[in-house]
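Got a structure here, written out as structure tokens. Questions coming.
A, B, C, D and E are the chain letters, set down in written order, and residue numbers restart from 1 in every chain.
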Amino acid sequence: MFRQINLKEKGIEIFLSLSAFVSILTTMGIITILFAESFQFFKNVSPVEFFFGTQWEPLLVPKSFGILPLLSGTLIIVAGSALISIPFGVLTAIYLSQFASEKTRNIIKPVLEILAGIPTVVYGFFALSFITPILRSILPFTEVFNAASASIVVGIMILPMVASLCDDALRSVPRSLKEGGYALGSTDFEVIKGVLIPSSFSGIMASFILALSRAFGETMAVTIAAGATPKLTINPLESIQTMTSYIVQVSLGDTPQGGIEYQTIFAVGIVLFGVTLLMNIFANWVMNRYREVYE
Amino acid sequence: DSAKTSSANTLSGTVKIDGSSTVFPITEAVAEEFGKLYPKVRVTVGISGTGGGFKKYSIGETDINDASRPIKDKEIKKANENQIEFIELPVAYDGLSVVVNKNNSWLDYLTVNELHNIWKPGSQVHYWNDIRSNWPRKEIKLYGPGTDSGTFDYFTDAINGKSQSCRSDFTKSEDDNVLVQGVAGDTYALGFFGFAYYKENTDKLKIVPIDDGNGPISPSMESINNGTYSPLSRPIFIYVNPESLKRPEVDKFVEFYLAETYKLSEEVGYVGLPESLTKDIQQKYKTRSTGKWYSQK
Amino acid sequence: MNNKIIIEAKNLTLRYGKHPAIRDCNIQILKNKVTAIIGPSGCGKSTLLRTFNRMNDFIDNFNIEGEVLFEGKVINHSDMDPVEIRKRIGMVFQKPNPFPKSIFDNIIWGPKINGFIGNQQELVENCLIDAGLFDEVKDRLNSSAMELSGGQQQRLCIARAIAMKPEVILMDEPASALDPKATMKIEELIKKLKKSYTIIIVTHNMQQAARISDNTAFLYEGELIEYGKTNSIFTKPDKQQTEDYITGRFG
Amino acid sequence: MNDILSRRKLKAEIFRIIATISTWSSIIILIILLGNIAWDGLSKVNWTFLNNFPSRFPHKAGIKAAIWGSIWMLALVAIIAVPIGVSAAIYLEEYAKKNKLSRFIEINIANLAGVPSIIYGILGLTIFVRFFQLDRSLLAGSLTMSLLILPVIIMAAREAIKAVPKSIRLGAFAVGATRWQTIQSHVLPAATPGIFTGVILAMSRAIGETAPLIMIGALTYVAFVPENINDPFTTLPIQIYNWVSRPQVEFHHLAAAGIIVLLVVLLTMNAAAILIRNRSLKKYKW
Amino acid sequence: MNNKIIIEAKNLTLRYGKHPAIRDCNIQILKNKVTAIIGPSGCGKSTLLRTFNRMNDFIDNFNIEGEVLFEGKVINHSDMDPVEIRKRIGMVFQKPNPFPKSIFDNIIWGPKINGFIGNQQELVENCLIDAGLFDEVKDRLNSSAMELSGGQQQRLCIARAIAMKPEVILMDEPASALDPKATMKIEELIKKLKKSYTIIIVTHNMQQAARISDNTAFLYEGELIEYGKTNSIFTKPDKQQTEDYITGRFG
């Protein structure tokens, strides 16, 4: 009777582990595809030019293959949208979980989640026809297509993700901890900053990772609002291009497939993959370092 | 006539089309009309770009490819590897339009040579008065479509003599509507894109007549159709797999396409081919003559 | 001995939803005294205690009727700032609830946000010594408080509360998770603190109540049955119920 | 000392005001955005629009095929991705040992969340459309989209599961429950609100994605309603994207109308999830 | 009286990371007896107790050396199914941890998943009566257990454990949150249960240990200092440390 190993339990565990394994298969698939094609690419283009070149015009004659402009474009968008979505998202989550009444919260949260479902094309046009004119009236030298307004809409777009997930994380902190904080005569702000946020740190970080990953991979809105101009710049008021929008542009464009122009998208894909990986490893490190477990 | 309807009612099957988003509106219009006559035939049209479309076409996944540029040698090679042939059929013209902002008061026309000077690789034109010295010394802002679009491909070929050869420091956007907004919002802008987008935005933009040696001509239905708007009108194509034509529904569809394209392309903002050319093309289709044809002409 | 009233409840009725947990309670807590609240489980001790520093604000369907006064001021109105009150009225909870931080940070956090500028190390050590925890944790002040045993966590929470040097300390069964030695330490601490602080303690331990408190309140099913000098309550209670409860003859 | 207190209180108050303003400004932006769309599109949403197939004439064009395509796809994605995602989350939180492999899977999943959707399109095209020969079918599209949103579901579900207090699990184990019984009866119900948040966000993403579907060959002109999972299909965002990029302004208005329809579909889908979430939020408080 | 050994620890060393919480412990728990574990806070009582039903499996950096035997079989190997063990060895925790479900469901859940087919209402009521909670909650069996007071929650957890009718019940300070009346009920319950069950109880309350246990183990800083008949431990302990602790003269 003691030796009996529960078959059903074992079966469930195996099924669950297979589900987790799907993600590994996905990654393997992606890496295989990316590497197979970029291998061809790097036969023709030296990695030095690719990683350190400052001009990206694989489709122009003469061609140039320096990825830095795409990288800078991507980073501007990610940084800009983080600047919007993280503070606003976290503040919204705090408002929802701490200040808002149950009723308000039950209305606001779903409403915000609608923001996440609006097709990104729409955000692009919203940026172009609403945010850019405002920017241009404040800073007249802003270009019609600019990274700033793209970052802003991407920030708005991923804000619900931050807000909604952080709200859940904050709410799952046991009430006794919160009370412990208040019992020391602290204000709402101090309890939030000193007790709630540290206690739900891993959830908050997870929301940032998800949201910024989305910003990282965002395409349509950026293409429309920021143009498709690869340019090595840190000026958010200029037109730029991101890695993803380059990939979409080429894969849905008129470029013939199979040539070196087309292989660029896989090389860019690899870089994108690598950069996300680095970002995630960093986030993971931060999370493990500062995670505080309760209970 | 009753015989025709009965055949229409019984004809069934699918016609798979993919390819350029530029050609899409025409193909869609044809499919819509065709569907009224042959309700049992399922016509599907995708938009994965000329290049993406050719990839699918060249492994036999589609019957017809919409293309905003002629097929390239690489693509022919790919298709040949899979024993897939093609009949190249021009279906309409798209006039590229060069436009400036409504507030641009100084520009009357541009010559082909001036355009070349502006757009050539390594161009030294940075201010308007670099083009003509009596124009204002204001920085010129250039707008153009994404470098992988058929429009860009054709423009560079026509103006700079070699496709994809171009200066790189202009503002690009994938979406022609977006370019419209760019030029409309920028007094010192100059840009180019498909004629249909100008036609819908005449109130926001000013068209630039082009002089190729025979006097400045603005793009219009007429000037594009009769070839006087030169060199910026380009043909757009469909590529048909002769193997698929063995299926009557595909055959009927292409036949219908060629018969109706003049009328339908105008309805969706493109310019129909001149009648003489249409005849040639229909003839070519009848004889199923495969291979690259237009660019040699 | 002064007999100044520091906290007073007037006609206090406390409800969770409709269910009344305290009914029409009137009680006066004297300054610099130790007041014990005793009564069977579920009689409303915690509820009453938590009302004194507005901890019940966090319970959704809680509502309050009547008045609670602190130094003569009504504190249960929403225009009264609970932060101020809680700073002056500290609390130790029934279930230990350390913050998921280091032991050191658990104690220093309160004083720090209140602008403490003295020697942090010293403060932390003194509080730990007072709470009888110092020896056990002196080598690992920077490890997580979550790794402490149940009793250690509770003593940490006491240390955390006294680090704030409040005027009143509310203790909800602070010693229930402690062994005799730690309990004795806490009792000594309470006796020491009472010179300068007012202490209200909920306890199940009659001996403890008898040992340390000056006054004792006996609650039963939400009603304050008897309140008076601990001596007299434990030797000659007025009410039969009180006597039954104290002698364990109850129910 | 009192000075400090009032400063702290001021800080808290300012913070509260900032948080409130932040929230409401997001709402206002949403209202502007939706207002913009409604202004352009509301008048176009009518029966003809809902019940017609695409057309070159704006007044005749409709989105019947796209609506059904989207609904089919979302339903399939929900069936495929939610069980797999939640299972994976459970495995990682409750079963997997905290070792190198589970760390690797963890980072891997976070990383997948950042892979741009177009790459999933390429993956879907290679694997589902070509290798498994699913063709350009609803099934191929849904499988691709499921892979795309899996990381979102997994990560949100993991956080939700993690937030369930350990003492609850211990209590269950102590009455002789197996791991799965504990998970099923205590962990999952308590984690439901968080899981649903993840599902809502993921489905919202799935409904708005265009590029990967175009990549695997979801179509744009489809004049029939898909009848089974092997049929070709189109979806709302593809149709919207197509209309937006047309030169004629009437089509832009149709696009706005399409967006309204998309949001309605999204809302109806989410409403169920939100209801469940709010119901269980009340139940699990500690 | 039979003296059958039901649980036995052999050379048991338990560590959190490197820090040893129990050192080289050998102890034999007798069947149908009440064994009390006493000792100062943090000495390792909970740690030891939790090893008897493999509850420490859930602590990441916990490791175990030596053997724990249940009815002569080693149970601390990973091929032994802990579920089976926990069904037969129930537990009540130091901090009450009711499920966020109704009171009724809290109790019935364990029996239900283990295939209970009898009268649910009856079982729940009996367990509540045994745990001394029935009267307080009889009108609200379907309301959430999270709304109970601390002591009520603890009694609910006891009811939950006995509903499983285990062979051994481990109790980690089950009465620390209870008032004298409830405590007495629990003690009576323990006395009643001991006829058919084996009980191991951690307690801080010397009187309680003396009242209810047959055998007592005294732990100090991770070491088992003394173990024997409760009578002799409390009247003439072998070791000085034990005597000091019991009389409160400690430290």
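The rule we apply is simple: a contact is a pair of C-beta atoms (placed from the backbone, for glycine too) under 8 Å apart; a residue touches a chain by one contact, two chains touch by 3 or more.
The model shown is predicted, which means the values in this text are computed figures rather than measured ones.
Chemist: Chains in contact with subunit B and with subunit D: which ones?
Modeler: Neighbours common to subunit B and subunit D are A.
Chemist: Fewest touch steps from subunit B to subunit C?
Modeler: 2
Chemist: As a test of whether you follow the contact definition, which chain pair has the most C-beta contact pairs?
Modeler: A-D
Chemist: As a quick test, compute the distance in whole Å between the mean CA positions of subunit A and subunit E.
Modeler: So the centroids are 49 Å from each other.
Chemist: Taking each chain's centre as the mean position of its Cα atoms, how many Å separate subunit A from subunit D?
Modeler: One centre to the other, that is 15 Å.
Chemist: Name the residues of subunit B that each touch 2 or more other chains.
Modeler: 21, 47-48, 52, 175 - these are the residues of subunit B that touch more than one other chain.
Chemist: By the touch rule stated above, which residues of subunit E touch at least two different other chains?
Modeler: Subunit E, residues with two or more chain partners: 83-84, 95.
Chemist: Which residues belonging to subunit D are in contact with no fewer than two other chains?
Modeler: Correct list: 8-9, 12, 165-167, 178-179, 214-215, 244, 285-286.
Chemist: In their complex, what parts of subunit E are in touch with subunit D?
Modeler: It is residues 53, 55, 58, 60, 82-84, 86-88, 90-93, 95, 97-100, 109-110, 113-114, 144, 146, 157, 160-161, 163-164, 166 of subunit E that touch subunit D.
Chemist: Quick one: in the complex, what on subunit C touches subunit E?
Modeler: Residues 16, 38-42, 46, 94-96, 136, 147-152, 155, 172-173, 176-184, 204, 206, 245, 248, 250-251.
Chemist: Would you pull the subunit B residues touching subunit D in the complex into a rising list?
Modeler: Against subunit D, subunit B makes touches at 17-18, 21, 24-25, 27-29, 31-32, 35, 42-48, 52, 56, 61, 175-177, 194, 196-197, 199-201, 264, 267-269.
Chemist: Which stretch or stretches of subunit D touch subunit A in the complex?
Modeler: 8-9, 11-12, 15-16, 18-20, 22-23, 25-27, 29-30, 32-34, 36-37, 83-85, 87-88, 90-92, 95-96, 103, 105-123, 126-127, 147, 150-152, 154-156, 158-160, 162-167, 178-180, 193-194, 197-198, 200-201, 203-205, 207-208, 210-211, 214-215, 236-237, 240-241, 244, 259, 262-263, 266-267, 270-271, 274, 278, 281, 285-286
Chemist: Any idea which subunit A residues touch subunit D in the complex?
Modeler: 6, 8-9, 12-13, 15-17, 19-20, 22-24, 26-27, 29-30, 33-34, 87-88, 91-92, 94-96, 98-100, 106, 108-122, 125-126, 130, 156, 159-161, 163-165, 168-169, 171-172, 174-176, 187-190, 192, 200, 202-203, 206-207, 209-210, 212-214, 216-220, 243-244, 247-248, 251-252, 269, 272-273, 276-277, 279-281, 283-284, 295
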